[in-house]
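One chain, chain A, links the two complexes that follow: it is found with chain B in the first and with chain C in the second.
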Partner chain A sequence: MRIVSYPNIGEYERVVYNFLDRIIDKDNCKILRPIKNNKKILELGEHASPDNVCTPFKYTIGSMINSLENGANVIIQLGGGCRFGYYAQVQEKILKDDLNYDFTFINLYHGNKIDFVGALKRIKILNPNLSINKVLKELYLTLELLKFTDYITTYIRDNSCYVDDINEIKKIEKEILEDVLNISSIKEIKAKKEEYKAKIDNLLTNKEKKLKIGIVGELYSLMDPFSSCYLENDLIEKGYKIKRYTTASYLLLDKHKSEKKVLKQAQNYLRYKIGADGTESVAHTLELINEGYDGVIHIKPFGCTPEINAMPILKKISEDYSFPIMFYTFDTLNSDTGFQTRVEAFIDMLEMREKK
Partner chain B sequence: MKIGIPNALFIREKIPMYVSFFKYNGIDSVVSTNTTLKTIEDGKEIATSEECIASKIFMGHIHELVNLYTNEYLDGILIPRIYKNGKNMEGCVKSLALYDIARATYPNVKFIDTNVDYSKNMTYFKSLINLGVTLGLNSKNSFLGAFYALEEQKKFEQRKYHEQFEKIDFKKKNILVIGNEYIVQDGYIKKLIISNLEDENNNVIYACINNGKSRYKNISNHLYFINGANILNGIEEYLPLTDACLFITGFPCATDSLINEMVKKRIKGIPYIELSVDENTSNTGIQTRIESFKDMIEGRRYV
Partner chain C sequence: MKYFVGIDIGSISTKGVVIDENNNIVASEYIWTNASPIEASKKLINIFREKCSKEILDNIYAIGTTGSARKLIGKIIGATTIKNEITAHAVGTMSRCKDVSTIIEIGGQDSKIILIKNGVVIDYAMNTLCAAGTGAFLSSQAKRLGVEVEDIEKYYMMSKNPVKIAARCTVFAESDMIHKAQIGNKKEDLIAGLCNAVVENYTNNFVRGRNIEDKVVFQGGVSKNRGVVEAFKKKLNKEIYVDEASHLLGALGIAIIAKTEARDNKVELQLKDVEYNIRENECKGCSNGCEVLYIFEGEKLLDTIGNRCEKGGK
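Take a look at the complex of A and B:
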C-alpha cells in the first residue's frame, strides 16, 4: 500500500489533495493530507535543517517528517527559483541519509523548470494505468480550481473589512475550503463561484472608510498564515482593509506573463529583475502608493536574498514618497507578542497620520 | 576618463577583463583597494543589516569609490550584473540587484552598468561591446577591446590555475579551502583565516581556482547557481590530493547554506570543518579553531 504525502503551504494542500484524489489508483494508494504548520512541525524541521537555510525549507522538511512518522511512504516536492530549486535534492538527502527514512521521493522539478515528462514518469507509481490525457485533463481542472480558490479567498480578503460580523464571512470561507476537496467538474466551479460571490456580496453592508494596508514580501510567509504569525488574520479582525498580490495562481500562471509589466512599473527604481519576488515587492509597493494606501508591511523569512535586495530600494521609495513601510523578518524563533507590538505601533502611527 | 571598479563580490574575478578593456580604449581604471577592517565598518553602516558579509564588504568598496567620485577623481563607477552564465546557470541572487541597490543608496553618483545574460544571448563579449557603447567609444575599438579583454582574462585565469597547481606539495599537508572566490580570496578574510592556516607543514589550495571542467554531477544532479557549481567542480578535482577540508562561508550566504550540506555528505574520511564569518568575527576565536584543526590534522599521523 502506498501512502502519498506532500508538504503544505497555507490552504493549498486542499487543491493538491483534490488533484491527487482523482489520479491515484484507489486500491493500492492512499493520500495522507499534511497537517497545517504549527510549532511542532517547525521544531522537527529546525532539527533536521542546515543552520542558515531559509525558513520555508524548515517548514517543508518538518511537514515531510511529520507525514513520514504517520506512515507516508511517498513524498512529492516541487521546486522553483532562488534556493527553492535546491530544496528537493537536499531534503531527499537529509531524509534518506541522515534520518534513515525508507520512502520514494518524487521531485517534479529539474534544472530550473518543471520537467513535465519526467514528472509524469515518476508520478506513475501512484497509478500505473495513468495516461497523459487523463493527467492533462485533471491538471486543467486543478488549475481552474486553483484560480477559483484564489479568486474567492482574495475577494474575501479584500472585502472582509466591509462586513459587520466577521464570523459570518469566516463561516463562508470554511465552507468554500471544504468544497475545494470535493469539486470535480468545471461546471461546478462556475456555479460555486457565482453562489459564493452572491453570498459574500449580501454581507457587505458596512461602508465606512477604513485604514488601508498593503502586504508585500516573500511568497511563503505571505501565503502561510502560521509562518507570518497570522498577520493577515489579525489585521482583518481589527477591521482594516488589506491587500496582497501574491497567490499561488499568480505565481504559477500569471507571473511569467507580467514580468515586463512589473519591471515597467518599477522602472524609476529598478533597471533589472532583482530575483524571485523582489521585483514584484517593489512594483506592488509603488502600485499601492498610487492606489492611495496608507502603509505597507514588508515581510520575509530570515536570509531571503531577493527580499533583502528589495529592502534598500523600498527604503528609498519610502523616503521619496514619505510613505510608511514596515519591515519584518520571520525566523524559527518568532514571538507573537513582539510582532504584534510592532504591528500595533505601526498602525497607531498610520492612524495618527490619517488624523493630521 | 577615469572609471572605478569595486574589488568585491563577483566583480573580483573579472577585474582583469574590465581593466584591460578600459586600457585598450585609453580609459584609466581605478580598482578599489583590498578589504580592510575600515571597509567592513563602512559597509556595515550603509548596507541593510541582514545582508551577507560579502555584500557589506561590497558596499564598503562602493563607499570608497564614491568618496573618490565626490572628490571629482572618478567619472563613474562600474557595476556589472552577472545574471545567467551558460545554460541554466544563474548568478547568486545578490548579484542581480547590485546595480539597483547602489543607485538607490547613492542617487547622485553615476554608476555604469552592463548586463551578462546568456539566455538573451548577452555573452561577456557582447556585454563588453555594450559597455563600450554606453561609454561612447569607437565601435571598432570596443570590438577589438573586448577581444583583448577576454584574452587577458583567460590568460589570468590560466596563470592562477597553474600557480596553484605547482604549489601542491606532497611533503606537506594539503588543505583544501572551499568557499566562494570573493570570500576566501578577499583581503581581510584571507588575513584573518588563511594566514593562520598556512605554515611550513600546511599548504593551502583553493577549490574555487580550478580548470573549469564541469564535474559537479557526482555530487548533485542539477545546480543552477554558478558559484555553487564552481565550488563543487573544484572539490571533485582536488579531493584526491587533499588531507583536510575547510569550508569558509560568509554569514548568511544563501547559496552556501544548501551547498555545504551537499559538500558535507561528499567529504568522508578526512577532517572537515565549517567556519562562518561575519563582520563581528573575532580574531582569537578563529585562531583557536584553526589551531585545533591543525592539531587534528597533525594528530592523524599517529593514529
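Take a look at the complex of A and C:
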C-alpha cells in the first residue's frame, strides 16, 4: 500500500488533495493529508534543518517528517525561483541519509520549472494506469479549482472589513474550504462561485471608512497563517481593510505573464529583477501607495535573500513618499508578543496620521 | 475631579502613576518587577492604596496597562485600556514636551526610537531579538566591576581616557571588557567605555539612515544614568533633554490614553488577595496546537490569552 503525502502551505493542501484523489489508484494508494503548520511541525523541522536555512524549509521538512511518522511512504515536493529551487534535493538527502526514512520522493521540479514529462513518469507510481490525457484533464480542473479558491478567499479578504459580524463570513469561508475537497467538475466550480459571491455580497452592509493596510513580502509567510503569527487574520478581526497580491494561482499562473508589467511599475527604483518575489514587493508597494493605502507591512522569514534585496528599496520608497512601511522578519520564534506589539504600534501610528 | 491610573509593567521595573484631569501626576511609584509581574503589580497597587487619599481612590475612572506584561496584568486588574509601550511612550512624552521630535528610550530589556513630526508619530523602531545595549547589560557589567548602578555617573565623570569596547553584541562586549580590565585599565575608564558602548549600539541600530532632529528627549530607566546621557550628547552632538519623570513617561502615556478612552463609570483600583495561577498549555481543540495562556484566580478560570477560536480556552 502506498501512502502519499506532501508539505502544506495555508489551506492549499485541500486543492492538492482534490487533485490526488482523482488520479490515484484507490486500491493500492491512500492519501495522508498534512496537518496545518504548528509548533510541533516547526520543532521537527528545526531539528532536521541546517541552522541558517530559510524558515519555510523548516516548515516543509517538518511537515514531511510528521507525515512520514504517521505512515506516509511517498512524498511530493515542488520547487521555485530562489533557494526554494533546491529544497527538494536537500530535503530528500536529509530525510533519507540523516534520518534514515525509507520512502519514495517525487520532485515535480527540475531547476526552477515544472518538469512535466519527468513528473508524469514519477507520479505514475501512484497509479500505473494513469494516462497523459487523464492527467491533463484533471490538471485543468485543478487549476480552475485553484483559481476559484484564490478568487473567493481573496474576495473574502478584501471585503471582510465591510461585514458587521465577522463570524458570518468566517462560516462561509469554512464551507468553501470544505467544498474544495469535493468539487469534481468545472460546472460545479462555476455554480459555487456565483453562490458564494452572492452570499458574501449579502453581508457587505458596513460602509464605514476603514484603515487600509497592504501586506507584501515573501510568499510562504504571506500565505501560511501560522508562519506569520496569524497577522492577516488579526488585522481582519480588528476590522481593517487589507490587501495582499501573492496567491498560489498568481505565482503558478500569472507571475510569468506579468513580469514585464511588474518591472515597469518599479522602474524608478529597479532596472532588473531581484529574484523570486522581491521585484513584486517593490512594485506592489508602489501600487498600494497609488491606491491610497495608509501603510504597508513587509514580512519575510529569516534568510530570505530576494526580500532582503527589496528592503533597502522599500526604505527609500518610504522616505520618498513619506509612506509608513513596517518590516518584520520571522524565524522559529515561540512568542508572538514582540510582533504584536510592533503591529499594534504601527496601526496606532497610522491612525494618528489619519486623524491629523 | 476625576483620576486615572497608568501602570507600565516592564521586564525590570514596574511603574505606576495616578493623574488628574489635567494630566498632572498626583502620585507615582517605581518598583522592581523581579521577574514576577503579578506580585509587583500587587505591591504597586497596595502602595497606591496607602499613599493616595480617599478622594482620589473613590474617583478613579480608568486604568491603563502597558509594557511587556500589559495583557496579563490588564486582565487581572480589569484594566479599561491595554496598549503597547511604543504608543504609550510617544503620548506620555508629547504631553510633557510639545515640541519633541526624537524620543530615545532605553529600558531594561529593550530600546526604541520614536520620531515625531507635528505631533504625529512618523517612524519608530524597536530592537529585535537581542537585548544588547540596554539597561540589563549595563547593570550586569556594573555588577561584574563591583560598582553600584547608581555610581556609574560618578565614574563616568572621573574618566579621562575611556576604553573602546565592541558594541554590536553583549557577549563580545563582555569579553572585550574583561580583556581591557586584565591589561590594567582603570575602573572609571572601563565604565565610561561601557556607557559609550551602549550609545554606540543604539546609534548603530537605530540612528543609521534616520534624521535626528531637535528636540531630542531621552527616557526610560537608563536615562537616569547621567553617564549614558553625557555619552549621547557627545555622540549626537545635540542637546539631550531628560524629564524629571523620564522613568515614568510610559505609565503617564498609558494613563492619558486611558483617560481619553474612559467611560462614565468608576473603576476600583484593587488586586484581590488571591493566588493567581498562570498555566501555559497547548490547546487540544484541533491540530493547530495554539499556545493558550490560562489565568486562574484561585481555582476559577478568569481569562485566557492567545485563544483564536471558539473551540479553545475551555
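One rule holds in what follows: the second predicted complex is superposed on the first by the 355 of 356 C-alpha atoms of A that agree within 3 Å, B and C clash if a C-alpha of one lies under 4 Å from a C-alpha of the other, contacts with A are read in each partner's own complex, and residues count from 1 in each chain.
Everything below uses one rule, namely that a contact is a pair of C-beta atoms (placed from the backbone, for glycine too) under 8 Å apart; a residue touches a chain by one contact, two chains touch by 3 or more.
Computed from a prediction, not measured in an experiment: that's the story for all the values here.
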Chain C versus chain B on the shared chain A, clash or fit after superposition: fit
Which of chain B and chain C A:Tyr86 touches, first, second, both or neither: first
Residue contacts with chain A in the superposition, chain B compared against chain C: B
Angle, in degrees and to the nearest 10, that opens at chain A between the C-alpha centres of chain B and chain C: 80
Partner chain(s) touched by A:Thr329 [first = chain B, second = chain C, both, neither]: both
Which of chain B and chain C A:Lys40 touches, first, second, both or neither: second
Touching partner for A:Arg353 - first (chain B), second (chain C), both, neither: second
Contacts of A:Glu259 with chain B and chain C, given as first, second, both or neither: neither
Touching partner for A:Arg342 - first (chain B), second (chain C), both, neither: second
Shortest span in Å between Cα atoms of chain B and of chain C, once chain A is used as the common reference: 6
Chain A residues contacted in one complex by chain B, in the other by chain C: 315, 329
Residue numbers on chain A that touch chain B, as the complex places them: 50-54, 57, 82-83, 85-87, 89-90, 93-94, 97, 110-112, 269-276, 278, 302-303, 305-306, 308-313, 315-316, 329
Touching residues on chain A, where the partner in the complex is chain C: 35-36, 38-40, 226, 230, 233, 315, 322, 324, 329, 334, 337-338, 340-342, 344-345, 348-349, 352-353, 356
Residues of chain C touching chain A in the complex: 68, 83-87, 118-124, 126, 128, 209, 282, 287-291, 308
Contact set on chain B toward chain A in their complex: 47-48, 50-52, 81, 83, 88, 90, 92-94, 96-97, 99-101, 103-105, 107, 113, 115, 220-224, 249, 251-258, 260-262, 265, 276
